[in-house]
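Alright, structures below, take your time with them.
Common to both upcoming complexes is chain A, partnered first by chain B, then by chain C.
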Partner chain A sequence: MRKEFGKTFIKRFLSSLLTLYLLVSFLFIIIRLSPGDPTNKYVSSQLSPDLAKKISASFKLNEPVSDQYVAFLVNVIQGDWGTSYNYHQPVLRVVWQYFSFTFVFALLSFIIQLIFSFYLTIFIVNKRNRLLDKIVSDMSLIVYSIPAFVLGVTLIYIFSVNIDLFPISGLRSLDFEGMSFTSKIFDQIHHIILPLITLSAAGIALFYRYLKDNIDVVLNQTYILHLKASGFRNKIIMTKHILPNAVRPLISVAGIELGILLGGALITEVIFGLPGMGRLTIDSILARDYPLVIGCVFTSGAVMIATNFIADLIKIKIDKRLTVELMN
Partner chain B sequence: MRIKLIYWIGFLWIFLIIFRIEAIINYALLLPAFFGLMFNNINTAMSLVNFQFIDSIFSFIIIILIPFIIVISYKKKNFLNKQIRFSEAVIILLLFVFILTPLIAASNPGFSKDLSVTKLLSPFSKVKIIHLKSTEKYKDSDSKYFLNLRDKIIKPSFDESIIFADSINAGDKFFYYQKNVRKELPPNSIKTVDGREMITDKIFLLGTDEFGRDIFSRLIYGTRISLLVGLASVIVAFLIGVLLGFIAGYTGGIIDVILNRFTELFLSFPSIYLIILILALFGNSLFTVIFVLGISGWMSLFKIVKSEVVSLKHKDFIASAKLLGMKKRLLLFKEILPCIIVPVTVNLIFLFSAVVLAEAALSYLGLGTGTLYPSWGSMINSGQDYITKAWWMIVFPGISLIATLFAVNSYGRKLRFINSSDND
Partner chain C sequence: MNLKTPFSFLIIIIFIFFSACDSQNHKTENRVVIGISADVQTFNPLFAFSVDEGVITELLYLSLFDFRWNNEKGELDSYPMLAERWEWAPDSSHLKIFLRKDAFWTDGEQITSADVVFSFDVFSDPVVQSRMYGNFRNLYFDNENHINIKKTFTIISPYELQVNFPPSSIPSLDDLSSPVLPQHYLEKINREELATSESNLNPVSNGAYKLTGWDKNQAITLSADTNSFLFKDGMIAQLVFKIIPDYTSRILQLKKGELDMLELVKVEDVDEIKQVEDLRVTALSGREYDYIGWNNIDPVAYGKGKIIPNELFGNSRIRKALTFAVNRKEILEEYLQNYGQLAVTSVSPIFKSAYNNDIKPYDFNVDKAKDILTSEGWKDNNHDGVLEKDGNDFRFTLYYPAGNPLRDFASTVIRNNLKAVGIEMDVQTMELNTFIDNLVDKKMDAWMAAWYIPIPVDLKNYWYSDLEATPRNFVSYQNKEVDKIIERLETKISGEKRNELIKKFQAIIHEDEPVTFLYWTPDICAYNKKIKNINITPLGAIMHCWEWTFNQ
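And then the complex of A and B:
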């Protein structure tokens, strides 16, 4: 068993690496295929053609694409992702600055989503109230259907514009530097509540749906009936039999969701003006900051693959039979 | 909360007839006028045909045909008697709006005039319209009747013969007020009908935006864009997903491996980045948006089709069809597609809601179908700047977006539920 597990692990790892390599190549090709010249932003090629050529050469854009590709790959393997045109800093450093925020933000949101949806489901299942079940079920679908930008703007309208409870945008107040440590933490929490609600609402609804559906399926299984007939207490059936079986299919969904969150919550970041990966990626795309584009999209791709990988490992840990299935 | 399908359609139809009776009468006059013109001077007639014209005529024909279709199919088809829920009712309403857009929207979505009066009006606010005497636009006697009629129906994006005013003061001299600025009109410049000056009221049902454009008609035209992008992208995704899935599942081997890698690649990063990357680098228009949304959504379809084809491949009926010499294309459409149509449809419905959401998000970010077409997302985006003054700029497109997504999602969920209970 252990040997098979190792085999699966290595196979998945290599396949992930291959996907990442393809991702980088794909991004490189699609960017080089596109019309437009990033140097146009800094100097007009009509007004001063010599300077434009010089800048183009300094970006190494005048070499043949195949040479650029090989040089790029060699640099990437050495850990050099190039220098951002806009930030004048190594790409990895820029990405790291923004990713650290996204990491905390996404993880917080993910934990909130899991905890809220879990306890909501348990609450609804234990109540066994048809009407409440139906109302929450419909509500969850409505909440799931609310686009992040509608929810975010509405929250701003209610809580920031009308009753002035939370700040409209940004991550810290203007006088952040002069604050004491505790008020600094309070200030950050104060700023991040609305974005967290915006980001988490749809996820809570999604997880609720999955978990509730799974529990409904498990509840109809014959072994639950058998357990009930054997006189087990409801609580024990719930915690020992229903939940483990219902949560298991949720793991891969959670893995995908975490990957998407870590890739950057674009809309939420745009609405609330937060310094996250989503906005960095979009800004770099719109500014044609090619090295940064590749760095950003690669990072989100790598994170997504990693979370899926971890989710699979957890699944195998719970259910050993999956080893063979996931190998293929 | 359920209603019979036929009652719902009938209700929408009667509602439309009552509120747009004037426009429908004009349409009814326009069609014979057009045929008359075509009879006299076919070149002029053909040169006047454009998308807007065909669109308007088409919507008129549809609204006339609806009762006939119902009467004809009522006896044969049972589906008209089906009880429909809220979600299906919303979908029917959306289809109505999608097809009958020019009839439902009373004004051009881009119409803006007299900003000082019409800017940021709240819902149900009333302004006065002063109709000025206009010089005859059309000299040619052949097509004059037709063209005048057409201008009544196909609303232009600018009209110099009307003035919006807050209030008027008709005495010896004619004054009108635009935001407390008094202006005077020269005598005899107002159009008269039966000796009375033509001054009408206009009610902006859902208010106006920052350029004084009617939010109701923008919403209606935005529905069309959202649904058009959704449907077209879903078709693109369907074609790519089914074809690639069939090829991968049917041939297997190296092609299967390559296509699998390709799918993994597309699934390995958030598709919104791919969409924005392509739109930003290659320019955004209606067609690129449709295409890009299509190619970012085919992956799950590919997986479904591939796994189904692999399991179906060795079934007897496929083998016999193959041995009988059926071509691969026919095999896909006649034998395999009918077997997998239900999971594929469920997938397409969820894809549709995802695409509508993505289109709105793109428009919100300013990367959508461009400023030429109104879109729910861009309406919300522009409303954000006026959030303290004009809540209606966000609320109405937001509600339509949520209602659409909710309806599609719950319909898809229902279908999936039926599908899974069939399998058990």
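And then the complex of A and C:
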């Protein structure tokens, strides 16, 4: 079994690499064919047409796309993803500056989504078919449907403008450097609460609905009735039989959700002024910063593939029969 | 659920309350917080391409001269800055500059003539690709626009240097306005690597303020440099540029008192801001105008290398008719709430000495527009509501970059106005980069855009007939009389003659109406009343901020 797993693991890893290669190659060609010239802002109107052409040529964008592509691949193999036109820094360094925040922010949001939805579902399952069950189910649909920018602005209006409980935007106070260690921690938590609620609300609603539906399906299985008739305690039935079976389908959704979160949350980042991958990706596209666009998309693609892969590993851990099916 | 849950919630609420109180306890006095929309990528003026980078690097790096806006004359006056004084040769062939001896870099080194020469060398070096490359036309330069240092500069002493100008040039202090850079700090770096150097993020500067904090994507903190010759007791100790990408968040923070100053406020927010007791609002117009560009030449023929007049807009009488047909005043009153003013030509009313007050804007006059169109052969023969000539309908598409509510409003008004005279106009928005590409390639017949005008007046880049040499002449306007005026302006003439020529230029442009000049849009700035000595001019609000103080 272990040998089988190792073999399929390598196969899956190689196919992931191929997917990323195709993604980056496709993007490389598409952005060069799209309109817009990144060299425009570097060319002064005072320059003679010859010198203006020379400046544009220094970006090597006048060369055939095939030549640019080969040079790009050779550089990437050597670990050089190029230099961002706007940041004047290596692409990987710029991406890391933004991804490090997104990683922590997304992970926190993901954990909150899982914990809240889990406990909410368990709480509501115990009150099945009662009024509260219906209210929470309807509410979860409403919360899931609210766009992030509406929720974010509403939260700011209530908690920042009217009650003055949280800051309107930013990751830290302006006087952060002068604070004590504990004050710094409080300050960061204080700043991140509204963005976390904005980012997590829809995910909580989504996970809640998935988990609740799955539990409802499992609860209607005859073996549960059999267990109840055999005198097993409800807690045992829930933890040992219902939850493991109900959680399994959720893992794939959670893997995709985590991948999306790690790719950046543009709306939340813009509203709350946070330095995440979503903003970086959009800004680089609008500025036609070709090397950075590729760096951002590669990172998002890689994390999406990685999180799905991890989700599959977790599913295999729960049910070993899935090894071959999932790894292929 | 048991008792643990409400207890946990209680702890969370106490925690939030405590953290809220804790954050409020750490506020620095004597600082001004200014809202900006995006972070900077460099503190080196060589590569300060964005507006915010320009503003911040101008505070960090001083120039030889200080330029201030003279509101009476509507032109720039020069004052000493790093140059204590200067002497022009009687024939303007050279300029002697005497540097201050009390000017230092933030690392304690003294500012010398060598720094000045190095700065011009590096700014004009093609390898560096600085933002000012190509802008030193009145100095000696080689065929790659690199300043010839030996011919241009003579260092007399560490505090005295001479700048030599080519015989045919018309030099001014403006030619030497680029910031002075630290030679001892930057010369060690290979020039090809300057753009990516770490030194750009750790500046050794010479301004009244120095960089003391940069929390990336959050805030940039500049603190008053007590060693600067500009330092005075009572000046604002800290300037914080707070980065807030979302406009609504910026407005909310301004109203809440978290920001002390915000530029580029939208007209629709002015009334609410005025309700806030601590805030004051100023609106200046005259640096940017909106216009409808009518391509004077045929875009298809231009693509094939031929220049022939545009079938619809190649005739100045038709362009004038279009201007008569557009109710610009309605847009100004309804959307801009009269902040701003109607534009007559590309020369701004802020240039009081050069502005031609005799020219009045064209009225909104539907009858006149119809008369001109009829006299030019455009008639609705088939009664379908659209004018025809030689079997062709007067129909076109107006393009403009997406995401500008003013232009959305204006395009609706313009479409309705033109329909009333029998012209069918479609409207299409475009992504900004695609729009610029099409502008540069002259692919569109009609578009709506804006120009941010330079100070002092620059005509050649926008209106000279040589389309290869002036890529910003997007409408491809060509007029030999205007060319002559522009060429005269490049010769040695008195200020009076210069103003006279610019006035004449305006009269010709008004007659030719190469574009429909819409209105000068306002630059609205809101700031806290506690800040004293703010002088908001067409040069901006933050310039000379070392003169700001707080009301006691």
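Things to note:
Going forward, the second predicted complex is superposed on the first by the 317 of 328 C-alpha atoms of A that agree within 3 Å, B and C clash if a C-alpha of one lies under 4 Å from a C-alpha of the other, contacts with A are read in each partner's own complex, and residues count from 1 in each chain.
The rule we apply is simple: a residue touches a chain if its C-beta (ideal position, glycine included) is under 8 Å from a C-beta of that chain, and two chains touch if they have at least 3 such contacts.
It should be emphasised that the depicted structure is a prediction, and the values quoted were computed from it without experimental measurement.
Within the superposed three-chain arrangement, the count of touched residues of chain A is higher for C, of the candidates chain B and chain C. Judged by the touch definition given at the top, the superposed model places A:58 against chain C, while chain B stays out of reach. In the superposition on chain A, contact is made by A:36 with both chain B and chain C. Using the contact criterion defined above for the overlaid structures, shared-chain residue A:156 touches chain B and also reaches chain C. By the touch criterion defined above, A:187 reaches chain C but does not reach chain B. When the two structures are aligned on the shared chain, A:264 is found in touch with chain B, with no touch to chain C. When the two structures are aligned on the shared chain, A:252 is found in touch with neither chain B nor chain C.
In the superposition on chain A, A:281 makes contact with chain B only, while chain C stays out of contact range.
Of the two partner chains, chain B is the only one that A:23 touches; chain C does not reach it. Looking at the shared chain after the overlay, A:142 reaches chain B, while chain C stays out of its contact range. Shared interface residues of chain A (contacting chain B in one complex, chain C in the other): 35-36, 153, 156, 161, 270, 286, 288.
By the touch criterion given at the top, residues 261, 264-265, 268-270, 272-273, 276-278, 280-282, 353, 357, 360-361, 364-365, 377, 380-381, 383-384, 387-388, 391, 394, 398, 401-402, 405-406, 409-410, 413 of chain B touch chain A in their complex. In the complex of the two chains, the chain A residues touching chain C come out as 35-37, 40-42, 44-49, 51-52, 54-55, 58, 83, 86-90, 97, 123, 153, 156, 160-161, 164-179, 183, 186-187, 189-190, 193, 269-275, 279, 283, 286, 288. By the touch criterion stated above, chain A contacts chain B in their complex at residues 15, 18-20, 22-23, 26-27, 30-31, 34-36, 141-142, 144-150, 153-154, 156-157, 161, 260, 263-264, 266-267, 270, 281-282, 285-286, 288, 293, 296-297, 300-301, 304-305. Those residues of chain C that touch chain A in the complex are listed here as 1, 15-20, 22-23, 26-28, 33, 38, 41-42, 47, 49, 126, 129, 131-135, 137, 144-145, 195-196, 200, 213, 215-219, 221, 240, 242-246, 248-249, 252-253, 256, 258, 431-434, 436-438, 440, 461, 468-472.
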